[in-house]
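A single structure is presented below for examination.
As written, the chain order gives the labels A, B, C, D, E, F, G and H, with residue 1 at the start of each chain.
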Amino acid sequence: MNKQEMKRLLALVAAGELSPEEAAAQVDAPDFADLGFARVDTRRQLRCGVTEVVYGEGKTAAQVTAICQALAEEGQPRVLVTRLAAEKARAVQEALPQALYWPDSRLLLTQPLPQPDGKGAIVVVCAGTSDLPVAEEAAITAEALGNKVERVYDAGVAGIHRLFSSADVLAQARVVIAVAGMEGALPSVVAGMVPCPVLAVPTSVGYGASLGGVAALLAMLNSCASGISVVNIDNGFGAAFQASLINHL
Amino acid sequence: MNKQEMKRLLALVAAGELSPEEAAAQVDAPDFADLGFARVDTRRQLRCGVTEVVYGEGKTAAQVTAICQALAEEGQPRVLVTRLAAEKARAVQEALPQALYWPDSRLLLTQPLPQPDGKGAIVVVCAGTSDLPVAEEAAITAEALGNKVERVYDAGVAGIHRLFSSADVLAQARVVIAVAGMEGALPSVVAGMVPCPVLAVPTSVGYGASLGGVAALLAMLNSCASGISVVNIDNGFGAAFQASLINHL
Amino acid sequence: MNKQEMKRLLALVAAGELSPEEAAAQVDAPDFADLGFARVDTRRQLRCGVTEVVYGEGKTAAQVTAICQALAEEGQPRVLVTRLAAEKARAVQEALPQALYWPDSRLLLTQPLPQPDGKGAIVVVCAGTSDLPVAEEAAITAEALGNKVERVYDAGVAGIHRLFSSADVLAQARVVIAVAGMEGALPSVVAGMVPCPVLAVPTSVGYGASLGGVAALLAMLNSCASGISVVNIDNGFGAAFQASLINHL
Amino acid sequence: MNKQEMKRLLALVAAGELSPEEAAAQVDAPDFADLGFARVDTRRQLRCGVTEVVYGEGKTAAQVTAICQALAEEGQPRVLVTRLAAEKARAVQEALPQALYWPDSRLLLTQPLPQPDGKGAIVVVCAGTSDLPVAEEAAITAEALGNKVERVYDAGVAGIHRLFSSADVLAQARVVIAVAGMEGALPSVVAGMVPCPVLAVPTSVGYGASLGGVAALLAMLNSCASGISVVNIDNGFGAAFQASLINHL
Amino acid sequence: MNKQEMKRLLALVAAGELSPEEAAAQVDAPDFADLGFARVDTRRQLRCGVTEVVYGEGKTAAQVTAICQALAEEGQPRVLVTRLAAEKARAVQEALPQALYWPDSRLLLTQPLPQPDGKGAIVVVCAGTSDLPVAEEAAITAEALGNKVERVYDAGVAGIHRLFSSADVLAQARVVIAVAGMEGALPSVVAGMVPCPVLAVPTSVGYGASLGGVAALLAMLNSCASGISVVNIDNGFGAAFQASLINHL
Amino acid sequence: MNKQEMKRLLALVAAGELSPEEAAAQVDAPDFADLGFARVDTRRQLRCGVTEVVYGEGKTAAQVTAICQALAEEGQPRVLVTRLAAEKARAVQEALPQALYWPDSRLLLTQPLPQPDGKGAIVVVCAGTSDLPVAEEAAITAEALGNKVERVYDAGVAGIHRLFSSADVLAQARVVIAVAGMEGALPSVVAGMVPCPVLAVPTSVGYGASLGGVAALLAMLNSCASGISVVNIDNGFGAAFQASLINHL
Amino acid sequence: MNKQEMKRLLALVAAGELSPEEAAAQVDAPDFADLGFARVDTRRQLRCGVTEVVYGEGKTAAQVTAICQALAEEGQPRVLVTRLAAEKARAVQEALPQALYWPDSRLLLTQPLPQPDGKGAIVVVCAGTSDLPVAEEAAITAEALGNKVERVYDAGVAGIHRLFSSADVLAQARVVIAVAGMEGALPSVVAGMVPCPVLAVPTSVGYGASLGGVAALLAMLNSCASGISVVNIDNGFGAAFQASLINHL
Amino acid sequence: MNKQEMKRLLALVAAGELSPEEAAAQVDAPDFADLGFARVDTRRQLRCGVTEVVYGEGKTAAQVTAICQALAEEGQPRVLVTRLAAEKARAVQEALPQALYWPDSRLLLTQPLPQPDGKGAIVVVCAGTSDLPVAEEAAITAEALGNKVERVYDAGVAGIHRLFSSADVLAQARVVIAVAGMEGALPSVVAGMVPCPVLAVPTSVGYGASLGGVAALLAMLNSCASGISVVNIDNGFGAAFQASLINHL
């Protein structure tokens, strides 16, 4: 346990979020839980403020379950799993019956959604109905990390009054997550409307020269508007994670 | 001279735009003027409705001058030259003193601008001040081809009220040319506002992941709005040429 | 309802295409129909001249049906749906029995094809038999939007006399849609033959270095012929929409 | 002036940052200052919280000067200009003698740096000495927007103890801006060390397969660490702008 | 048999690894075994020090079996087959019952693993659990070629203490193979920790802008750390083969 | 029928390959057979020396059959069909029982292979066993077009003595077709050994950074050896067609 | 000297092109002339039928001169140098006063052009005036290698009658070299007109999405016409070299 | 100073390469020398076995000099600087008069070349004369790091006997560095000839579809030969560094 981790541990004790006994247990615990196929980063919560999130793709249901259990044993029972196929999710839910699963966004959470403790609202706005799975990945991730979320869906720039009609909602955002495929223009327009940070999520919605979302990604990186940063294609999770960090500052 | 060309020639005579003598001369003329280094397409006006336009890049001033003179000899004295460097333009102007030159857009026209004879107005809208050279290439080309042109400049989507403030101008367009670099979002928004065709021109304005205008090009090709078609990067000429065809229908 | 929309509404009333009562109903109607998963742009007809077209990919049959019904309720019963898989189409047709479906081009239209009201003919020319699905998407879309369509199929440049044999048909076009995969040369040749605008549609027909249609797309963007603009790969719909706007000017 | 802008204006009056007279002047002012070549977005400060920043590339010194003066006339005398070449900067400084210029990062600010009013510190960490111009663009932009900035330079992952030796500085950050070229690994390591958002800036430092910074950009977009979002290659400004938004929440 | 091959043959006889009779047989043998569909390079062991390895993809089980038998007949009974699908492996195992098969890494070895005869240990370190198939391809290949292998798995840079906790293992390496997908940062960090060569293996783990592993590949090629060279995406075999060459020097 | 076609027709009569009656029939025949979905180029044999070849991909079995029958009716009964899936081939063979089909290379020929009438031999050399389908597409196409073919298979550059052992075969070639995937080095080595033209065929064999054959394609286009030209990835047919033209000169 | 080389040497003696003494000298000569910085392949003429051609780019004038002299000493005084800058050419001409230099195509030949000894004519056809430097590189190379050359310039597909007017010239070709930039459509049309092989040369003429000639290259690789093979961008030399091989068969 | 570094320090003392006093000084020294613009990694020699190498591009002569001096003060006076422009080198040499500079390969070494202490020879083989600067960067770097180097230059695959004539030299290599541009085939052939590791260096030599060396890079990554790993384009230094590590094992 390094100095920064120790400081944060003490802060949690001071804030009453951790009993001295729990804190002492953490001090003695190993840096990570070695499962052979995985080294579970049990100290990420202290170091980065959030429990390790499990990337479900390329892992078996048994591996996912074991990692969630290892984290639970270290006192971190609420674990988020991303990109988990439905059949694997069912197997995990058998071992962890409390777990919730959202098939469209392929998210699993090992415990019910927490009460929001972020400072404001995260607004998730998306361009088209086909972008919904990614938008929902963002929205549910944000809720799983303790944020209040507002949704503004199907508000693409080709009928821009649909976006303007939600100006009130956008105005109350502490962070906006803007999700769009095709030409990816939505974040540029949104960032010109709001005084808060905009996290842009390109999606793979489109065909031909959309190049699997690369067109939208490039558009967002080249936005003429200020206040935008970008995550990987279809990475609703990544945008929500950072939005949550911002919303908890 | 093929059947279609003959039909159009007769139509011009019938409309009084060509005397029978002029028409007869064209019937006897060769299909093209062979200058050795170039085969000047003297019959393009009949075939495609517009005198051949000269691509200035990669040609010497002497070559450009000779082509313009060959077209003049075939009764087509108003010739547009695109992408002509300033020093070459000066040399051409010495041989053809009537010629006008616009240094920003690198256009040369061997005779004064004609009176507009298109049916409506072409509106050229551009996203930022840095896009002006391409926007002007479009605007002047359109004027050189006989169109009334309205300009709406620096109306990018990051401050979209600047675009909306010109809604009246846009509403009167028969065709809109939308010019933008960076994320290339402008045509999508414009196409959602107007009931006429939008020709989108990506520019190479930007840096890094703009990839020399490829980002804007991809965005425009993937627009979620209908009624958009696209030309090559920085090809203000190409958009104006097609806009003029449409405006003269 | 903004000023432009009001103007167009009044023009429709003046032209007898709308009764004062219908117009009044539209003035009072909301800007869009919010279905939760979609914000149906009921005012696009007024704003852009054409009812919203539904992008079928990534939507469920129930979503498509609901959007079509929402538009019908706003007095726009003829709705075009693009890229709709056959099994979804069947489900939509059960709810909307009048709907027509074309399996090759994956188009659905909720009512019979309208009488043509465009000013001239749209000629759809394609390079090879394998390009037919895209060419048909263009042709049927154009018909669904009220245009007379002529088809010239399998007229690729490797046997160019096949194209020249249809010169008469091309000469009567008000707009040409040129569809080609592989090297995408067809639009360049066509644009050298006709005095009207050419809309170029690259297709994904080909293999290896065709890169899923990118080769044809690049070729069309770089055409040495004037009068061409380009839409996304396989986007027969987009070309036809633009052609229809032009044909109704 | 729309509803949101009005709300923010009143909030500024309530907070004593604006006198009622100044506020009234803003209500009556036009939406933007139209200079012909530019439509200066005088209302961006109200709408987005920050005065419009001027992109210097592709603009003449006279254009830059005129835009800065137009903003000053609307009560926004502190204007930041990015990517301004040295010779243009000299010309602007002649007209605006108070202006500061940083040649390495090509930034110009029309008035002295303000007192920091952000809530915490922004830490700018960069991988190598060759990344300094971009890192400085970020650092000075952040200072120009009212933030306290800490610099940790030449802390690339090939000698990772150099980064760890600054763990104390990083631990105090409210936002981290991580700047790196070549393989772009720095943000991934940093995000694993801190509990705050990390904004990643790829640079064009490198050669060959760095593809002008695309390699670093892709690496950052694909980071295995959570809490990262990315801006365009060499876009130190963009990262700092968003960091400042976050730091002022 | 060329001069170099003759020299090595004699060296093997001198070292007692080959009897004079066996050597004489090799001198008389043809340069390759021609099976019609394949020319089996029976002399590669002499020329390059290692028996030919069979690339299983695109070959039938019968072809693979025949090649292995041809090599056995030339006195090289231990043959490694890479990228062999499970059903093909079963068929090969029926013909060659001693053969071992590892389904995750799709490797088949026609005889049991040999005793290690390399000079030191090869350490295989990988970034995440999803990279295991490639890491195992490297580890088992190295073992099949006679090396002692140490595995350090799931030690990605987002929780870098997990890597540092294995510093002792890394310090004993004669060669390190570093396997990573996504942003591919692991080899840069490892190469900054060890004084031995690092062979970097990008994997196709990731999505969106990972471009099938190209992002990781580019990152590794652009590493700011010295002492790294790179093999093809997912090419665990290739890294292990070279590592084995180095370990046997 | 244009002048060149007439000349060639007369030459065939003079050579006794066509009776005056057959020639007269061709003079009167239409330029192409219009099947609605296809315009069969019945005059290509005269114009280009070879009957039209049918691209099977994207056509139904019924379309393929109809095209072959249309050509047969114009006196061209031996038709080659490329890239025809096995199930379609079976359907075609039911209608055209004489037709031969090669499943590996997906070629169909409506009549038995002809006697060779080319001037020399075409040598098809390929790098690895996995390249066989493409190599066979080349070899059988060449045979179908009347050429003697020699095959040199599995002669990749990693065991280059396997190639040198076939130097005698290569020395007798009038044209060489060199087929290779992966790094595509084979044509460079071959072209340095022979005094005849080399046609290079990149294949999609490989993985990761082979990018579906683009790596091999680029290598062949950049060969340091003279005397090489290149066809599309996996285009064994195209190389054989060109080789046959050369071999019949 | 290997067996093939010996055979060709004897054939030259039998044909009277080499005296027995000259042949004997070649038998004794070393395989290459080692100049330290270069290994001049003095035996390529025997092996591949043509003296080694010198690639001028990246070599000093002194190096070029020394290589030419080394070849002259081995009895091969006529050497072609490609891509040689004008100032280097002047220096070479001082040492080798007989040398000719063509500045547009950057070719140098150390002796006068030879008498044509190819069997027919090579026709070089190019699309536009801007393609002339590449077309001339092809034409002069072909002449330097002993071919009769016909030129058809500025015959692009946008005015296709200009190409058809040269049908007679094309009909007499034994090989056609088709040179085009931009969309690269010319070879497809030409290959549909002639019964001989077409070698396609893409040029870097164009801008924006021409991507430095990649658009034309891809178009040519994907040609729907048969009988085309392709060389590198701007590689007029390469096409002419292969055309000469074909023309001498 | 971590445990591994301490172990290596003690080993140096035990080997007599460091006096106890020198070792003690190092134990007390800081981890790096902080120059503000750079954190000089003074402990890399202990950690990775080689003194930090300075990347010259993007650094001023003053910065380079200061870094070299800082390393000298820590007892590491022999510093290699890569990619240093000639004018900067002159400035560095004024401050460090012992420094050697090689203009072609842009390398600077602050002290004379050391005596070789590697175990065998490193053979640098390159394909063409134009690749010499990169080959020399590799060769001189290897010498600067204490290796005996053999050079085999201009041995490209188009005249492969030139390579085979150096088979003796290659046979004595402990590591081979193979440098090639254009199609990058050389490493594949070399790796089929030798039993030692081959490090492949693609160069940017070529034009058009060589894409600045990407073609050669891809070829090398996809080599069909085993025993190859690859470094960045033009990265002769990187290959030599890795080769030196191997040669000192």
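Following the convention adopted for this analysis, a residue touches a chain if its C-beta (ideal position, glycine included) is under 8 Å from a C-beta of that chain, and two chains touch if they have at least 3 such contacts.
The shown structure was predicted, so the numbers you read here are calculated from the model rather than taken from an experiment.
Colleague: Looking at the contacts, which chains touch chain B and chain F alike?
Modeller: A chain counts here if it touches both chain B and chain F, which gives C, G.
Colleague: Determine the shortest chain-contact distance, in steps, between chain E and chain G.
Modeller: Minimal hop count between chain E and chain G: 2.
Colleague: Same interface as A-B shows up in which of F-H, E-H or E-F, over half of contact pairs matched?
Modeller: Copy of the A-B interface among the listed pairs: F-H.
Colleague: Looking at CA centres, what chain is most distant from chain F?
Modeller: D
Colleague: As a test of understanding: of all chains, whose mean C-alpha position lies farthest from that of chain A?
Modeller: G
Colleague: So what's the Cα centroid distance for chain D and chain H, whole Å?
Modeller: Spacing between the chain centres: roughly 38 Å.
Colleague: Using mean CA coordinates as chain centres, what's the chain C-chain D distance in Å?
Modeller: 43
Colleague: Just how far, in Å, is the C-alpha centre of chain E from the one of chain D?
Modeller: Each chain's C-alpha centroid was found; their separation is 48 Å.
Colleague: Would you give the residues of chain G that are in contact with at least 2 other chains, written as numbers and ranges?
Modeller: 44, 47, 128, 158-159, 191-193, 208-210, 214, 217, 221-222, 226, 232
Colleague: Which two-chain combinations qualify as touching?
Modeller: A-B, A-C, A-D, A-E, B-C, B-D, B-G, C-F, C-G, D-E, D-H, E-F, E-H, F-G, F-H, G-H
Colleague: Spell out the part of chain E that touches chain D in their complex, as residue ranges.
Modeller: 127-128, 156-160, 182-185, 188-189, 191-193, 206, 208-211, 214-216, 218-226
Colleague: Can you list the residues on chain B that touch chain C in the complex?
Modeller: 2-4, 7-8, 44, 47-50, 53, 119-120, 167-168, 171, 174, 191-197, 199, 217, 221-222, 226-232, 237-239, 241-242, 245-246, 249
Colleague: Please output the residues of chain C touching chain F within their complex, sorted ascending.
Modeller: Touching chain F from chain C are residues 128-130, 132, 153-155, 158-159, 161-162, 165, 205, 207-210.
Colleague: Flag every residue of chain D that touches chain B in the complex, lowest number first.
Modeller: 2, 31-32, 36-39, 41, 43-44, 47, 52, 55, 57-59, 63, 83, 202, 204, 212-214, 217, 232-235
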